[in-house]
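Dropping the structures in below, format is structure tokens.
After this come two complexes, each holding chain A, first together with chain B and then together with chain C.
After this line comes the complex of A and B, so read on.
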């Protein structure tokens, strides 16, 4: 079904350069990748004109791949007789100033999902009615889900990431070396724990 | 004494006025400076901004809704979330796949078992692990029990929102029994870490299953009592019927799922549409709003959403009964390597939780830690509908609307 859909998108919108990514060895979910500039017209086509009528946008998931961002739109139609779902992917290659067209007027669900994507990854959605941070405070610096994000030590003059509470070595889940494990045990015994 | 003094003063004033009776009208005009040609349109009026939350019993957690009210009518509702944001998605990037399960628990803390099952199934699907039949049965059993427990909280707190205190106690009394069963099998009452990748952590004994059989018998009668106590109560019906209608179109546009979507009359349940676990072997109905004309109200209103939940509890009981009839024996853990490494790629999978569809988008680069996990939370979607539902409702009805959507902020903020 996705082969057919991908061909259709390619025919209707040659600029979209739709590519179908089938998961290797059938492990995982298939996806269709399109160019960012034709996102809106493809989205409108998928919602209204294509025969599957993807009326539901479930979630927008942004992933940071260091060289580029990838924004995944999980689309579905809640049709009882024949339900389909797939992932529509868009690459945003500009890391410094990432901009993407908003689809908030096509699927109202995108309103909050795009806000979260903006909050976490800093992707600006052009044409969004109310692009504000949603989970972090409005004056938060940086975008937490970027891979190069360093947790701030201070927020509004308050220490939020104190070193003595963040001894990651002691808290690491897998302690590889045995001598280190014994050392830690000794330490905790000495503390009377 | 003060009273006397006041009265004395008043009398004195009165005398004064009597003396200068001729000037009385002039004085009033001077003091109040009231425009003589004042009409209703020229008077200055503005909307009253009201903060509902972040600490408010009707918001079911730390949710703040900024309401603009025109007298008693809500004209704008703006939810602010993030008070419970614990950076779960960021944390998962530095944890191994097993270590994530306790974090997943804390998403929807009222339905932790469903969260675990959803996560474990997603990872297993990627790994290609085969889960033993007994483990699958136990998973279905705990998911359905958790669904009942979660709906009981929804039922109890909803009645509490609308001013009835007793149903809350009834609901928690029954929920306690389910929590006791969970405590027996997992050691914890709220956040279990019970469903592991490959199976479940601990086996269920026959005595524990017998305890469940007793519980089911009791609970069926108890459910009837809830309907007598609450559903047929005329005050409750007046407060919920035809209030805060979310129609099917809005539901689909905003991606609502679960009882909200089913309350709007769409028979969409992932357990039926895309069966996972062993739901395809089990017989149960999917209750939707409007399929029982005796309920009354309008399709998609608060009453129908509430009633869908109440009927889902009965369906869950039906499922548990069938499970208990043919509980298979055997191992409870499948073969999983000591260090779990997902193959390179990504997956998006969703399961039906008490509040709607929970989806996990896991991106793996082949390492022992995920590259990215994105959680599709049903409540996040449902809170985003509030600005559409709110306008036009009375403030008290808005409380009823928020309660009928049944949100858990742990899952909204993640």
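After this line comes the complex of A and C, so read on.
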């Protein structure tokens, strides 16, 4: 079903460069990846014109892959005869000023989901009616789910990691635990030999 | 004559009355609040300790049970609620999160490491979440504290002895 759909998208919108990703060894779900600039027309096509009519947007999730961001739209239709769902993926390659078109007017469910994505990863959704933070406080600095996020020391005069409560020895143990594990492995290997 | 007379100290009588009419605030933050509700319901029946009248406003309450994770966003609200309560007021920190950050202690960029950073805490109840029996023990500990207070001293001292 997804092969067919991917071909259709490619025929209708050559600029979208739709690619079907099948998971290796059937772990995970198959997905279709498209270019960011043709997101809106593909979304409208998927909702209204295509054979399956994906009328439901279940969730939007953003992923930070260090070099780029990826936004996943999990779409579904709940036809009585046969229901389908699949993942539409869009790559956002600009990591400094990530911008993507909003689909909040196509699927109203996208409104809060896009706000969450903006809150956690800082992806700006162009055309969103009300793009504010949804979970973090309004005066929060930074985007917590980015891989390079560094936790703030203070927030509103409250110490986030109070020194008198932190077990510093344990923290250093956790940081060094990888090298310690390697050491232990080497020792056990030496004993075995 | 003998049957109709009870002898006690005024101090102790006042404390006895206060400790048996603690009014907690209707205030829950996370899963600990579910246990708090269970404690208030008929099986564990907080009313036995005179502690079951959950007040819907901080101004009528004198016990705040901080039940759940205190995020940094919520911490300022917790402080405001505590300030709105009338003296004498008491705080029970319920569960690991409110005690010291709980599972968010190491990497919780958004969680306050213990509610005692913003409000003074009288009793800590450990557990994740604590069973209703644990919360009841916490409340009984607080009652013992209140019973030892001396209201009629010139300078009122909280928790003597």
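Keep in mind that, in the parts below, the second predicted complex is superposed on the first by the 162 of 193 C-alpha atoms of A that agree within 3 Å, B and C clash if a C-alpha of one lies under 4 Å from a C-alpha of the other, contacts with A are read in each partner's own complex, and residues count from 1 in each chain.
Assume a residue touches a chain if its C-beta (ideal position, glycine included) is under 8 Å from a C-beta of that chain, and two chains touch if they have at least 3 such contacts.
Quantities reported herein were computed from a predicted structural model and do not represent experimental measurements.
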Tell me the contact category for A:155 with respect to chain B and chain C: first, second, both or neither. second
Which partner, chain B or chain C, touches more chain A residues: B
Mind working out whether A:137 is in touch with chain B, chain C, both or neither, as first, second, both or neither? both
Classify the contacts of A:66 with the two partner chains as first (chain B alone), second (chain C alone), both, or neither. neither
Once the structures are superposed on A, label A:145 by its partner contacts, choosing first (chain B), second (chain C), both or neither. first
Which partner chains sit in contact with A:78 here, chain B, chain C, both or neither? Use first/second/both/neither. first
Just checking: does A:29 make contact with chain B only, chain C only, both, or neither of them? Give me first, second, both or neither. first
Going by the contact definition given at the top, which residues of chain A touch chain B in one complex and chain C in the other? 136-137, 144, 174
Could you please specify the touching residues of chain B with respect to chain A in the complex? 81-82, 85, 87, 89-90, 95-96, 99, 126, 128, 252-255, 261, 266-268, 273-274, 343-350, 357, 359, 361, 363, 371-372, 374, 376, 380-381, 383-384, 388, 413-414
Residue positions on chain A within touch of chain C in the complex are 136-137, 144, 149, 151-152, 155-156, 158-162, 165-166, 171, 174
For chain C, which residues are in contact with chain A within the complex? 72-73, 75-76, 100-101, 106-107, 109-110, 112-114, 117-118
Where on chain A is chain B touching in the complex? 23-25, 27-29, 31, 55-59, 61-64, 72, 74, 78, 80, 83, 87, 107-109, 111-112, 116, 120, 133-137, 144-145, 173-174
